[in-house]
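Each of the next two complexes has chain A plus one other chain: chain B in the first, chain C in the second.
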Partner chain A sequence: MKLSGNQLFWIMFCFQVHYALMPALQYGKQDAWLICLLSGAGVIAITYLMAKVSQLSPGDNIADLCRKLLGKWAGKLILLLYIVVWFFLTAVTLREWVDYVYLKLLPHTPIPIVVLPMSLLLIYVNLKGGIFAIGRCSQIIGPLYFLIGFAPVLLMFGIMDWTNLLPIYADTGVHQIVKGAVPTLGNTMGGAMMPLMLTAFMQQPQQATKYAVRAMGLSSLWVLIAALISVLVLGSHLAPQLTLPWVVSIRSVSILNFIQNIDAIAVFVYSFSHFIALSASTFVTSYGLAQLIHKKLWKLMVVCVVGLSFLAVVLTSDVGHITNLYRDIIWVRWVLPVNMLGIPLLLWIMGKMKKGALQ
Partner chain B sequence: MEKTLLSQSLKENEQNLRDVFHLCSDIVFRYTYNQGTPEFLILYLDGFVDMTVLEQSILRPLMLNRNAEPDGMGKMIRDSFVFTGQTKTSNQVKDVVNNVLKGYVAILTEGESLALLADAAGFDKRAIDEPKTEKASQGPRDCFTEALRTNTMLLRRRITTPRLKMESFKLGELTSTDVVLAYVEDIAKPGLIEEVRKRLKNISTQGILDAAYIEERIQDRPKSPFPQIQKTERPDTTASSLIEGKVAILVDCTPTVLILPINFWAGLQSADDYYERVDFVFARRLVRYVMMFASLTLPGFYIALTTYHPDLLPGTLFISIGEAREKSPFPTIIEVLIMEFVFEGLQEAGIRMPSQIGPLVSIVGALVVGQAAVEANIVSAPIVIVVALTGIASFVIPRYAFAIPLRILRFAIIFLAGIYGMYGVSIGIMAIMIHLVTLQSIGEPYFPPITPLIRRRLKEIILRPPHWPWGKP
Partner chain C sequence: MSKFKRVRSQLSAAIMIAVLMGITTGCWDMVEPNERSIWVGSGVDSAAGRKIDLSVQIAVPRALGEGGGQQKPYLVKSTVGRNLEDCFQRLQAQLSRQIFLGHRHAVFVGQKTAETGMRRLMDEFGRNPRSNIRAKLFLVKGATAKAFLAESGGIEYFSTEKAIRQTRFNGINDKMTTMIFFKEVLQRDGMRPLMQVVETGTEKDPKSEAEGSEPSHREIALFNNSAAAVGYLQEEEAIAALWAAGYLEDQMVTETVYGQEVTIDLHHMKRTLKSKIEGENVELKLILRAQGIVDENDTDLNLFIYSDMKKVEQAFNQKIEQQMNTMIKMVQQKYKTDIFGFGEDIHRRHPKQWSQMKGNWDERFPKVKVTVISNIVIRHIGERGPK
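Right, the complex of A and B next:
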């Protein structure tokens, strides 16, 4: 079994979560869409770089690549850097999801009970079919997610106030836009690192760039539309203060007194896309960890990674909303310059120079 | 068996065979005499042999042709005196025994260590009937029967080409059941045929009494609730599957034929989809898909919405449900479980009960379970509606075997919804989805064309598969 381009596309697309709206709205208010435009361009550029790096040596993932280019120990160190980031990505996404379920759906249920079924699913899908099962699930969930994501846009035309967008640019300015684009970029980056690990599993690795860039392009476009609509529906003062402005916007749809509260359906479908994001990041973390320690141990690693994420979520559950903290302190300061730009660029340049070592 | 080869002495052979068939009262040993000396020994199973054939085509010529040469008697009878369609000779005791058990007549003669076996099988069998479990509003009305030859005939009548191959197997130590592997050469993939052949040969068992015995032994994941092999009793469905490149397994004494490999959607398609107009089939399939989903999740959604997220229901609807629920003594999930259980019980009763008291059970079911229970405020009316709708939904699914996993998994979804509400329902659906995408039917994925994605076949799911794929495999 091999991963097809289409499956890579949907896995990466499902990584897109709506929390990315928050920094854009906070910094940009009615000009949030400009920030999204800028950060979208950034995401596409980084995704392109990642995809190119992943294709340096066909059939090799980041672990093999690092080993071939940098030698055994330096390679392991670099891999460890990524594994730590991926683990954080898994834990924080799980935490975000659990917060969401806890607040929106199950306010009286203890946190461990909420996390448990999702953790079991993550173990189940990874042990049963690994990335191929995840790829296949994403082919069902992805299009569904896409439809449910975009359909409310059509329903909301009636409640949009286009004057909410004014004045364009005048209030914000270049400085503020760039300042907002960086954290927004940080939040939308989850999927961009996937090709580093997943391209090696693909049937036609040379197609990875095409599908990766398309996936991140489409999801950036979506973030942009969601930002735009949140402002149009809720106004530039209310939208930035909400945790989930997009969901609140959907909630305000009411047609014929019957089509209403469709955010419930949205929540339903979001749980599916979260599942894809979580299982894919669990897979890359545990597979990378297994390559670091011993390749045969990867099923054990899945259980360990999920177990540790479970613990992390349960232990941090009363710390409040950690996403912003995590984004500002870890992601923007460390991950973005080191894992997103520094190492890939280094690998890419070395790969071009040491072509012989990769053969 | 003491002796494996026939001897030249008729007496010895008779003794040997009588030992083999010791205490079998349905075996008949018949001698014909020529001037007082035994000439032929005729051996057959009573009830297995068409008496007219035996009398007119075997006994009559043998007894009337008295002047045959003693030399080469076997050849003489085979060539000139036995007027049946199939004959063969053997010198093995085992062959004689096995063929007699299949309805052959064995003819032995003095001085020859060969037995002539003539096909005179004519046991009683059921006539070709209408399909009972796979009803269709249009299309052919014939149905497979228990007789293997009738079934192969029904297929041959539809696909008249020598490329339709019917490989024969014998399975089961005691039953030595005839099993036929049918496929159309050059359309079915050679790898698939080889795989099925291998799996059939690997079966070792005492007996095969139904196609299900084979199904369980050759499917990829026996523990999965979802059928990975389609069972059908319709020759037209089988023929169209063969033309699509699938493989069919016909089993003697079974009116069901196994078709493999199948995918998820095969369970939701009916034979008359091919005989109705495309637009109508489109609408009908939409109904089926929605009902399939409802059959799995409706009680779960009801529990989740009424107990966890009442704010998601339109206000007036919630008020009506709340009013109806007010007097009910049980929590919603217990109510749903009780009613679902009762409904399953009614279904089971419906299969078992004699047809004379059928109306009685439906009256009792409708009255006691429906009206009286609601009026006595033991269960609330919405639950009855939900359970009834779910029941109807599961009967919309055209293939019985495919409705079963949904019926079982419905209970899992009910429990999850009781614990987690909507979140539980989505967890349940995801778990089922993971199972389905990793499931395989004879090595083929279970969920195409959605995943793995096959773009040109996507429309087949919603539209009736148009007839074009038949031309181009």
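Right, the complex of A and C next:
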């Protein structure tokens, strides 16, 4: 069984944790959508680069590619860089999900108890079906996630104030927009690195670019819409101050005093999509780790990765919102220049130069 | 698959379903409605030494059901604490049920508290994840919020419910009476919030209700930049102010036309602002739009005749322009607080000039020259033409 383009699309779409749009709103207020536009273009460009790199040698994932292009040791070093980032991605996404569930549903439940079922689920889905099971799940969960994003928009038309968007650009300025676009970029592209590993599992690897770019394009568009609507519904001053502006916008829907509190439904679907994002990044991390150490240890690696992220969440659960810190310090300063731009560019140039080595 | 295997898988599925059904029935985390106090409204008054006197109206479910007619359907408890959440904690000590903010429909602020500024009270609204973010804000005039909560709700079970329904059926946009909207406006540079006012003593003993007639009273409170109430507007002035500030959606408006009264039931009420800046002078055009049905016509005009209908329309527009002008002048001169959002319109239309103005907007606001244009259209004359 192989991964289809459609499955890759939904897996990558589920990586979009669009209810946390903090940086765009904080830097741009009513012009958050301009920031989202700019960072969306950046996301698409980077995804395109990643997908192209992953196709340099069809059937090989990043591990094989690095080995073939850069030799054994340099290849392992680069793979290690990615594994660390993927591991962080897993741990932080898990952390984000736990924070959300803790705040909204289970404030009195100990954090380990909240994380445990999800961790076991991650181990189960990876050991039992691997990436193919995740792909098939994503075909159901992805569209649902997309819908739960869109349906509230229609319900919110009545409470939108379109003058909230004014003045356009004048309050923000180009400097602020660029400054805000970088952290927004960091927030919105957890999924962009997935093709590096997943393209190798695809039926038709040459389709990966198309689906990957579409997935990240749609999710960037979705971030833009969510930022726009948060401002329209809540106002340009209130939206940036909230931890989850999109969820609060959904909560303020009240139609005929009857359709209310629809965020309760959203919570479930968000959890589903987190499951897809988490299981995919667990798969990618543990598969990479197995290639680094020994291919036969793959299943053990899944348990290790999940166990470590479990520990990471449980041990840091007193810190509060870790996501912003992580994004600003690790993602923007290291991951973005090194893993997102530097290495893919290097690999791509090397790949074009050393075509023979890839055959 | 062999037969034995199929039977086994079916059996295990059946067992799984049975087990799942067993553990998912009902609430088993003990947060049942019976464990919670249904907190309908809270009232905030100030106490000595920066402290807060918080009162809550709690539903008594026993009295709400059938046969509970003897008992009051609510209970009012109050306590003094250092901030809102501190008061919640102290209240919990008095209650046999867990406090639950999900049902808090409204927050009432006593007049004294509102006039001294309530900025420091705003943080709890919208931070506590369990509270209802669509809760409304009201100012209790001439009394404490506690006194209002202790009052009977008339037709409704609770005075909280009464206040909310009153505003809703008076044509005010639902979203704009909520505390999240109040908080949003409070942070705008060029707009100041306003709040609905409720009074105590409006509900009397049901037996004597028909006798002495209490004048109905509609009132709003105007706030300044530091969330302190600086003035009040009543009746027609209040309605005009709500319309000019963009809060109103529909309203019945009665004006004197050719010496007699005409009432038009207006809907789709909108206001548009157009600002113009020339040097130091700020000019604003306030355009009011609405459509309506003539509900009552005491004049001798025959509305079947087009020109007569237009006469009513014109007279109406003139009257509204006059009233608006008087009201806006008064707010500018007496209260000096920009509840209409004139500054916000300059911010949105002329952001460059606004950056120089926003620092002392409160001083500039009284000098703004406002032209009112009323654009009411009669969409229907009702079921008959002549008187």
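The rule we apply is simple: the second predicted complex is superposed on the first by the 357 of 359 C-alpha atoms of A that agree within 3 Å, B and C clash if a C-alpha of one lies under 4 Å from a C-alpha of the other, contacts with A are read in each partner's own complex, and residues count from 1 in each chain.
As a working rule, a residue touches a chain if its C-beta (ideal position, glycine included) is under 8 Å from a C-beta of that chain, and two chains touch if they have at least 3 such contacts.
These numbers come from a predicted model, not from an experiment.
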*Since both structures carry chain A, what do chain B and chain C do when superposed there: clash or fit?*
clash
*Mind working out whether A:271 is in touch with chain B, chain C, both or neither, as first, second, both or neither?*
first
*Go through the superposed model and pick first if A:139 touches only chain B, second if only chain C, both, or neither.*
first
*asked:* With both complexes superposed on chain A, which partner does A:235 reach: first (chain B), second (chain C), both or neither?
replied: second
*For A:203, select first, second, both or neither according to whether it touches chain B, chain C, the two together, or no partner.*
neither
_Between chain B and chain C, whom does A:254 touch in the aligned arrangement: first, second, both, or neither?_
second
*Using the touch definition from the top, say if A:103 reaches chain B (first), chain C (second), both or neither.*
second
*asked:* With both complexes overlaid on chain A, does A:167 touch chain B (first), chain C (second), both or neither?
replied: second
*Of chain B and chain C, which one contacts the greater number of residues in chain A?*
B
_Can you tell me which of the listed chain B stretches (55-63, 217-225 or 271-279) runs into chain C once everything is aligned on A?_
217-225
*Share the list of chain A residues that count as touching for chain B in one structure and for chain C in the other.*
260
*If you look only at chain A, which of its residues touch chain B in the complex?*
4, 6-7, 101, 105-106, 109, 114, 117-118, 121, 124-125, 128-129, 133, 135-137, 139-141, 257-258, 260-261, 264, 267-268, 271-272, 275
*Residue numbers on chain C that touch chain A, as the complex places them*: 126, 129-130, 133-134, 174-175, 178, 180-181, 183-185, 187-188, 347-349, 351-352
*Which residues, counting only chain A, touch chain C once they are in their complex?*
103-104, 107, 159, 163, 166-167, 170-171, 234-235, 237-238, 242, 248, 251-252, 254, 260
*Residues of chain B touching chain A in the complex*: 308-309, 311-312, 314, 416, 420-427, 429-431, 433-435, 437-438, 445, 447, 450-453
